[in-house]
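Order as written gives the chain letters A, B, C and D; numbering starts at 1 within each chain.
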Amino acid sequence: MGNNLLKGKRGIIFGALDEKSIAWAVAERCHEEGAQIILTNAPVALRFGKIHELASKLNTEVIPADATKIEDLENLITESMEKLGGKIDFILHSIGMSLNVRKNREYTDLKHDWMLKTFDISAVSFHKVMQVAYKMDAINDWGSIVALTYMAAQRTFPEYNEMAESKALLESFARSFGYHFGTRNNVRVNTISQSPTKTTAGSGVKGFGTFFDFADKMSPLGNADTASCADYCVTLFSDLTRMVTMQNLFHDGGFSNMGINSAAMLGEIT
Amino acid sequence: MGNNLLKGKRGIIFGALDEKSIAWAVAERCHEEGAQIILTNAPVALRFGKIHELASKLNTEVIPADATKIEDLENLITESMEKLGGKIDFILHSIGMSLNVRKNREYTDLKHDWMLKTFDISAVSFHKVMQVAYKMDAINDWGSIVALTYMAAQRTFPEYNEMAESKALLESFARSFGYHFGTRNNVRVNTISQSPTKTTAGSGVKGFGTFFDFADKMSPLGNADTASCADYCVTLFSDLTRMVTMQNLFHDGGFSNMGINSAAMLGEIT
Amino acid sequence: MGNNLLKGKRGIIFGALDEKSIAWAVAERCHEEGAQIILTNAPVALRFGKIHELASKLNTEVIPADATKIEDLENLITESMEKLGGKIDFILHSIGMSLNVRKNREYTDLKHDWMLKTFDISAVSFHKVMQVAYKMDAINDWGSIVALTYMAAQRTFPEYNEMAESKALLESFARSFGYHFGTRNNVRVNTISQSPTKTTAGSGVKGFGTFFDFADKMSPLGNADTASCADYCVTLFSDLTRMVTMQNLFHDGGFSNMGINSAAMLGEIT
Amino acid sequence: MGNNLLKGKRGIIFGALDEKSIAWAVAERCHEEGAQIILTNAPVALRFGKIHELASKLNTEVIPADATKIEDLENLITESMEKLGGKIDFILHSIGMSLNVRKNREYTDLKHDWMLKTFDISAVSFHKVMQVAYKMDAINDWGSIVALTYMAAQRTFPEYNEMAESKALLESFARSFGYHFGTRNNVRVNTISQSPTKTTAGSGVKGFGTFFDFADKMSPLGNADTASCADYCVTLFSDLTRMVTMQNLFHDGGFSNMGINSAAMLGEIT
């Protein structure tokens, strides 16, 4: 049971695929804190995932939307406001997919039309969501928009490939749109830079296990898991963080500010 | 009325002087969220301020401590645990004072023994508090320690003088001790980089009004005020942010990531 | 007359349009320091600019290349190596163009297919140049690659519009490719984050004059001009900086680390 | 033989102890580039080191100065101007010593009076040098001041202990004084954040070897050595970087922007 932190608030959650998804956990926690939620994902993801299970658990609906398509987003927001009974208070963007990674292209041998498609899906979709919501004036004043990102936007994790650039782009959209949405509506926009997380998507990346363990040992608190990320999202959607905007917030057990940790090095020897 | 976010938690708040103090507001909000609080300040500050009013309002006590003195801090922590009935869950460090600023010394004409004293009061005190608590094993696992800082640690605000260096130091202590406290106890340590705030201390600084207004216009959400800072502290003391550590968190209405804002420039013309 | 800092080195300079271009000044300075240079620009830019004047002054040639086209880049690098007589030692990427800015679209009302085209021209072109050079093994060990960027990649300058995201992307490519090129060839990759500069391109942006003056007054040394930027590029192409890589280097008279400067505020009043 | 980059310039180099010192290499390279140099170090360091060898090699003199003493610094600058025949063009600050590290105190068990002494020696000395030079108006317009620092100022390297805070302080002094010196004299102030280096001082730190190797493998170009650091200092003292100020410049083979590198992890297994 929660603390009523989001009582009366209406939110849209992008990207819940299955119970390992961060978006799944966020939706559950927001519901627990008193929010009404609309779930959405791309039509193709809806087929493979279990999002309808989640919807029935949260007593809500799934509105399919391809986040790269303006008309889908317009429909999503219109329908969400109808079903939730008013303007939206918060949005979670948890979308990412790399065509070049899927096809095992090396970073020094990428197909650039795929790269642009990756950017469109993983980052430009965030601008599209915000632009549609902004133009429709669909977000309540003092609302909160969050996207999930990764530290590859700042430092090089070679296996992360073109997703590094996608996340750099995503974080820049948060800052830029944060200015516009803040100035007009006091709506804040932030990104959460999350530890590597054992989601269905993440776990598929080459060398993910080694990487997960390295980060876990390097971080004084260990890697942040899905449940703690959901809790953190709740704080960012609540009114308690109403003056935090245009920030990239590390939720990573301290990884981002560690230079060296003998635990990580010893870990490798054993 | 709160949301029980800190129910059952025990905290120590440094630096409440009067009702304009951030520490004052934080103490009130933590109490409202269900925490038991011990208030503390330097003996000299106790004489000028109204901290005893606050203590009676929160049904608690003031334990005087000069945060530059190890023995005062040992006594504070021992007595706090006795009175609160157990180990401490959270600490707020809100202490800062510059001798050179008080004496109107220019940054290019500082007295260096005063500078070291400023560092001792404004920053080394934070290390002392943590070291004493660490050695006494006085913080519960998954506890949270926060210090208030200012963006002069990253960028130059000439009037801020040697407090820029004090804050750089303070933020570094948070990272370094965050590693040790995190590794042993999963205790997290963070700093909040707050907007210029109209406290009794802040308002005394030369040119504070101009500076406050500039920051207010530059920030898409305006300057963060004391009440919002208190709310933000609550989230950082709550379990919802348990994996955030070693971070410097901007609580500033977006100021830190603005490059230029025509509102700020227009503001100057009128 | 120079100091022979680039004696015997071979470089390719993208983006010289006319004598106000930074790339123009860089080409002249590199020549002065003893380097042999190939100039290149997009076919359309060649028609409007005066690059052939520069080529004859530097006793070299222009090889047209649309930096968004792999085959143009392959041809450019092949021909450059032939004409210069060996592998390349340094490259300057100075390319940027925003379709949405040209068409006066607001940031909250962008056309996303134009945005992707902007990214392709202004940022992905940098990855393409590096990928082509990497696959052809065309860069000498300890070579140096530099791209010009702007601080809008870190902070919001609203008029800069989608170029903020383009520059965030560009800087990320520098880090990511810097890892690969460094590991295989000890080639370094950096970006220079330059003051606003009165180029033909820059001056066309809405409100550029106000913005230029604000930055000039905010910076303790004033804005960095084209000549100083060319000098700085020379150091980055020389062997003297051989261990600097994956960095974004501010060349801005101190702007990036100023929080407030009374000179900038006073400037606005007069 | 050099490139005359510092022809006619006058510099003061702090901190050359023996031929492994970075300051030693910088002095040699500056001399080679045409500068006249005054060497200085603390009286106690003069006894143990070989600085007089260097002085005779560079055909110059050693002026002893305890950099924590204003009167010593005043004397140093007065005598330097006399001997060099004019105002100073550049200064290198390469001074650092931690009392707590020397005495093997853990970071969670520091003596705070020693800490303040460490700060005085390792960081406040930099402010003192600049303040003395500023008040004496001893630096030529467009001069350049550099201090050597380490990335522990940004991220936690536990063995680095209170030197992390010393370097955070040092870098803050560079920004703050850079504003003042830049505004009045166009003098720039920067710090170089150097790879771990096998100096006599550095090598003595506990676990230095492991740490050096880790950084070396993590960095795409490997650790930057003393010779490359000296070259980089030359560029920062030359007029070619005249618009770079208030920056902390990583000279580290790319370490600072690496998140993970399989080379570093594999290195540990073997």
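Details
Note that contacts are C-beta pairs under 8 Å (C-beta built on N, C-alpha and C of every residue); 3 or more make two chains touch, one makes a residue touch a chain.
Only a predicted model underlies this, so the values are computations on that prediction, with no experimental measurement involved.
Two chain pairs are in question, B-C and C-D; the one with more C-beta pairs in contact is C-D.
Remark: subunit C and subunit D have CA centroids separated by 30 Å (rounded to whole angstrom).
The distance from the centre of subunit B to the centre of subunit C, with each centre set as the mean of the Cα atoms, comes to 42 Å. Residue positions 155-156, 158, 175, 178-179, 246, 257-258, 261 of subunit C each touch two or more of the other chains. Taken pairwise by the contact criterion, the protein chains are fully connected, each one touching every other. On the subunit C side of its complex with subunit D, the touching residues are 3-5, 175, 178-179, 181-183, 186, 188, 195, 220-221, 224-225, 228-229, 231-232, 234-235, 238-247, 249-254, 256-258, 261, 263.
Across the complex, subunit D meets subunit B through its residues 70, 107-110, 112, 115-116, 119-120, 124, 127-128, 131, 134-135, 153, 155-156, 158, 164-165, 168-169, 171-173, 175-180, 246.
Subunit B makes touch with subunit C in their complex at residues 151-152, 154-158, 207, 210-211, 214-215, 257-262, 265, 268-269.
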